[in-house]
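Dropping the structures in below, format is structure tokens.
Consider the two complexes below, in which subunit A is the common component and subunit B and subunit C are the respective partners.
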Partner chain A sequence: MGKLVQVATNTVTSAVASVTLTGINSDDVYMIAMNNIVPVDNSRNLFVRVTKSGTPDTTSNYDVAGKQLRTDTTFSNSASTNSDKFLIHFNQGNLTGEANNIIYYLYNFNSSSEYSFITFEETGFNSTPNLMGNQGGGVHTVASASDGVHFYMSAGNIASGTFTLYRVV
Partner chain B sequence: MSNLRLINETSVSGSVNTLEVPYVFTSDFDIYKVTIKDWETASTTADNCYMRFIDNSGNIITTATIDFAGLGMIATTSFYESKNTNQSAGSIVFGSDNPEGANAVMYFFNPMNTNSYTFSMHQSAEIKNNNFTSIKQIQVLKQTGLVSGFSLTNYVSPVDKGTVRVYGLRVDNG
Partner chain C sequence: MSEYGYIPEAPEQSAFNNKGIFSPKDIYNLDRADKWTPQLGQLELIETQTVSGAVAGVDFTNLGDYNVHFITTHSFSSATDFGSLGLRVSTDSGSSFKTSSYQYANQYANVGNFGEQKSTSTDMIRQMTAPNSGSSPFGSNGYAYLYNFLNSGKFSFVTWHSTCLISFNSNYEGYFGSGVYPVAETHNAFRLMTTNSSNVDNGTISLYGIGYS
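This part shows the complex of A and B:
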């Protein structure tokens, strides 16, 4: 099994508006592991953008396709194109015990000539609350280098969570 | 040193229905990656394998507090959804028989965090009764107590082969 080399980490213990992980500077695959992510306000979406030279890219070039696994109803497709952010993590809960937990793999982020791709796996509680997790992938359709990932809630702050970027070698 | 730390390797010994992997989760890590390979029944009788959590005293947790949701992707027929709430046993990890067997990668989150439930997710690749299936599943133990490990159990057909490795994802702060 390959090695993981930590590149950046941020553990939120008091509310913050956003978390940015940067440091992608090689053509390796990168991984982001996240756990215990809770919004300050119940029922918030966790939004995601890639960063260019440390700044979140707000252009409408984010595509996602995933399958929402959930306990309360039939699984649904989760797809979007040309959004100004990755729409992946929905309706996050903040009641006792609830948290969101996510694994990303990042591909071609360092390339100036290829799009930035991600795969994602998620398990957490929505605000209903029900177990829910989106599984799939996404792409930022801009052929320029991305050096990191930016996370923020649809409204309000991030109450807790550990976000860690690793390089897979 | 890699931030992916091998914590434990446990292999099936003899012919058993349950393989317990206790005392592998500690306060040193919040996220664990688990690989399971070559999980095979002792006979040609196929069976499914389900997971349970183990508490900090080494006991299998049997209270009805497990929710799960999974997608079974079968090569030869329609995919199926599997979901339930408040179960005493966890989700099906995979099915297997002999000699093909099953393999999976799992993640566990927050097992030693008393402010969070313990979450898991896994993906498997298996052959059972000559049908290839991959299962993608998420799961939660709706308790905030300490969880030290997990168990894998075949319902009726014992296994005599299988290796489980547990890795911790190390986070270095500062």
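This part shows the complex of A and C:
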């Protein structure tokens, strides 16, 4: 099993509009661990973009497919193509004890000739609240190097959370 | 002479950008100043337990001090068929384990069919592996992430992904899902056990802390 080397981390303890983790500068696989992610406002989506030279890429080149595993109803599929962001994390709750917890693996981000791929697995409570898991993958279909990941809420701020980027060596 | 005493003089130091020759004192001081590149091993092994005879459960009572934990399971099997891997949490360092109010949602993928399993009120976080018994090539292999177990203000969450050959029909089956014990309190130990009340018959389980998470 490989080891993890921390590259960047950001712990949010008072509300911020976004979090950006950068520092991807090798061809290794990278991992992001997120825990206690809570929006200021209930029922918000956590949006995600890759960064190019530290700046979020807002072009419509994000594809994603995932399975939502939930306790309240039949599991659902979600998929989107050519969005201007990764649409992965939905309807997040902010009541006592609730928080979203997520692992990403990042592939080919440092390559200037390949697309940037991610896999994700998530667990948390939605705003109902019900247990909501989410597993799947996505791709940013631009063949250029990505050096990080940018997170922000669909509306309002991020209230709390720890975001940590690791290099898998 | 630079601030830390190494050669060359006065290079600008920061994590992942250290330059020069360092004495142990330099490293200590740089680390305290948060300017030292963390060493490898931030996936930090806490404990490995190997089961080679029937036990009621595999208890982990030392969780260290981490926000996120990671466990791997290798060749996990129950003493009888239809026992998959389940998890219970403890607030008293493993003297007792919570027996109700768990929730989980799991997707399985079998060579014959796909399906979902879920509950909003059950006796453990269930279905972390396929139901399995017997020894190699049977037994389940997989991993799980544990979140916020030591955070008194947050629920304790788990995600998992596992893969195996099922002993009673030799079919391949994979599982992935998530679960929660939705009580905001510190959980300083947990038990891995079977979901059909039989013993754990076999398996190697390692617990890691993800440093600086």
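Everything below uses one rule, namely that the second predicted complex is superposed on the first by the 169 of 169 C-alpha atoms of A that agree within 3 Å, B and C clash if a C-alpha of one lies under 4 Å from a C-alpha of the other, contacts with A are read in each partner's own complex, and residues count from 1 in each chain.
Criterion: a residue touches a chain if its C-beta (ideal position, glycine included) is under 8 Å from a C-beta of that chain, and two chains touch if they have at least 3 such contacts.
Everything numeric in this text was worked out from a predicted model, so none of it was measured.
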Fit or clash - subunit C, subunit B, common subunit A: clash
Touching partner for A:Gly23 - first (subunit B), second (subunit C), both, neither: second
First, second, both or neither for A:Lys52, with subunit B first and subunit C second: neither
On subunit A, positions contacted by subunit B and by subunit C: 1-6, 9, 33, 35-36, 67, 69-71, 74-75, 96-99, 101, 103, 121-125, 130-133, 135, 162, 164, 166
Interfacial residue positions of subunit B with respect to subunit A in the complex: 2-4, 30-31, 35, 67-71, 81, 83-85, 107, 109-110, 113, 115-117, 119-121, 123, 136-140, 142-144, 167, 169-173
Contact footprint of subunit A on subunit C as seen in their complex: 16, 38, 40-43, 67-68, 72, 103-107, 116, 118-120, 145, 147-148, 151, 153-155, 157-159, 161, 176-180, 182-184, 210-213
Residues of subunit A defined as touching subunit C within the complex: 1-7, 9, 23, 33, 35-36, 67, 69-72, 74-75, 96-99, 101, 103, 121-125, 130-133, 135, 162, 164, 166, 169
Parts of subunit A lying in touch with subunit B, wherever the complex brings them together: 1-6, 9, 11, 33, 35-36, 67, 69-71, 74-75, 96-99, 101, 103, 121-125, 130-133, 135, 162, 164, 166
